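Just so it is clear, A, B, C and D label the chains in written order, and each chain counts residues from 1 on its own.
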Amino acid sequence: MDFRFATEVRVRFAETDAQGVAHHAVYLVWFEVARIDYLARFRGGYPELRAEGIEALTTEAHVSYLAPARFDDRLTVLCACGELRGARFRFDYLVERNGERLAEGWSHHACVDAVTHRPTRVPAWLLEEIASAES
Amino acid sequence: MDFRFATEVRVRFAETDAQGVAHHAVYLVWFEVARIDYLARFRGGYPELRAEGIEALTTEAHVSYLAPARFDDRLTVLCACGELRGARFRFDYLVERNGERLAEGWSHHACVDAVTHRPTRVPAWLLEEIASAES
Amino acid sequence: MDFRFATEVRVRFAETDAQGVAHHAVYLVWFEVARIDYLARFRGGYPELRAEGIEALTTEAHVSYLAPARFDDRLTVLCACGELRGARFRFDYLVERNGERLAEGWSHHACVDAVTHRPTRVPAWLLEEIASAES
Amino acid sequence: MDFRFATEVRVRFAETDAQGVAHHAVYLVWFEVARIDYLARFRGGYPELRAEGIEALTTEAHVSYLAPARFDDRLTVLCACGELRGARFRFDYLVERNGERLAEGWSHHACVDAVTHRPTRVPAWLLEEIASAES
């Protein structure tokens, strides 16, 4: 996987659990933070998508946990977008701490009309911006 | 405080933190669970309120933490509703584990119109049901 | 998949997001709730495992989202345990609302010594109880 | 209140609820983020406290919600520490968006020995650093 985008998160105390590590469900939240930061570079990003009456649903998510993250760790969440076809797209993620791989994952998404909840194409402006960013 | 209603929650692993106890922010979520269970006894409860175009906002919240709750603890969240005046009402809470007091708190709420976000009176049917439940 | 165990969760208001549905990360929390309820039938369950100095780590997780869950929905989380080999085991999940399939998923886990964090076999008592429950 | 420290948070999609605003319990998480950032300026901050065998418990928390925060809002969380006496201290908070006050609150804390859970004085180095930062 070739990642051209990264965002930073810091492990919050509220995100840790009684094993003393970041709880495994939180990675999906970090993936979302990365996804939104990724899209924020393009026009109005995800808020703009929502303003255009489009919601992006998560249809599938996967995480492989390689090593634990701990309280106050500064993490890099790399992400890339691809497989854009019609209403659907995919994100890949890698979570690192100082170059050490802690987790990797991916998610599938579908654009739907916010009112009818019917699938709707990813807007052309977003397709073009992502294609340009990933090429 | 005289509590006539109680609900049960069990401490989820995801709700614990690296101190090995339930994270302090989670109590506000449990209070909300208790509030919604409390209201569920009356007509359609909180979902009915929302269906009538009314949202109940939280305007103030307070928690005193007396003793920690731990993973898998079975907790009793007692709650009572009062001080209903116009659009406003108040809930009081007590969190217990086998009779031991772990936390107490309260929250203030205001009903608003879901569209205009203007304050709107607590519906008469709900006022009557709460008055009857608490008397 | 043949599920012989199920637990109930109710969608909390805190678990919804601005799309008006349960946030996709919450499913991993519900899977965990189901897993812990599943194990609770055997001796002391997951708390007993921890008391024996064993932590069960989540090494992989997957969710397919089929239809949204909404505030106050009463969900059934079915789960089954299998593929127990040495330190490792797997859980499968199905989330239903009145028989409608909302999500399915699975997770992989590994037992480690709580102190050394080295892999350690799933205790024999638990292997036997699970084998008996699933057969 | 005179705030000399501020930190930034951005409202995550996972932090919103079905009212389309940041869920009220999340403010306690943001307060904690601010508190930890505040302490991070002093020697090793909160992780250093924990490394010295001291846990800081939250004993009381209060939030007044003045106006809602929405998805992707960039918030400033101002905070100040005071009332340090023996094992106890207090934090005050103000959450702003572009100068608009969204919420204010405070929390009380107590230092305890991580092993015995008995109250233990706030370390002298931390007292001095906070006194110097707040004066």
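Note that a residue touches a chain if its C-beta (ideal position, glycine included) is under 8 Å from a C-beta of that chain, and two chains touch if they have at least 3 such contacts.
On a predicted model such as this, the values are computed, not experimentally measured, just so you know.
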(request) With over half of the numbers shared counting as same, classify the subunit B/subunit C interface as same or different. (result) same
(message) On a CA-centroid basis, which chain has its centre farthest from subunit B's?
(response) A
(request) Any chance you could check whether C-D or B-D wins on number of contacting C-beta pairs? (result) B-D
(request) Name the pair in A-C, B-C or A-B that forms the same interface as A-D; by residue number, over half of the contact pairs must coincide. (result) B-C
(request) Express in whole angstrom the distance between the two chain centres, defined as the mean CA positions of subunit B and subunit D. (result) 24
(request) Provide the C-alpha centroid distance between subunit B and subunit C, rounded to the nearest whole angstrom. (result) 28
(request) Could you grab the centroid distance between subunit C and subunit D? Build each centroid from C-alpha atoms only and quote it in angstrom. (result) 33
(request) Can you tell me which residues of subunit D touch two or more of the remaining chains? (result) 13-14, 25, 28-29, 32, 71
(request) Can you check the complex and tell me which residues of subunit A touch subunit D? (result) 12-14, 29, 32-33, 36, 45-47, 50, 71-72
(message) Help me check something: in the complex, which residues belonging to subunit A touch subunit C?
(response) 19, 24-26, 28-29, 32, 55, 57-65, 68
(message) Taking the touch rule as given, give the residues of subunit B at its contact with subunit A in the complex, in rising order.
(response) 13-14, 16-18, 20-21, 23, 25, 70-71
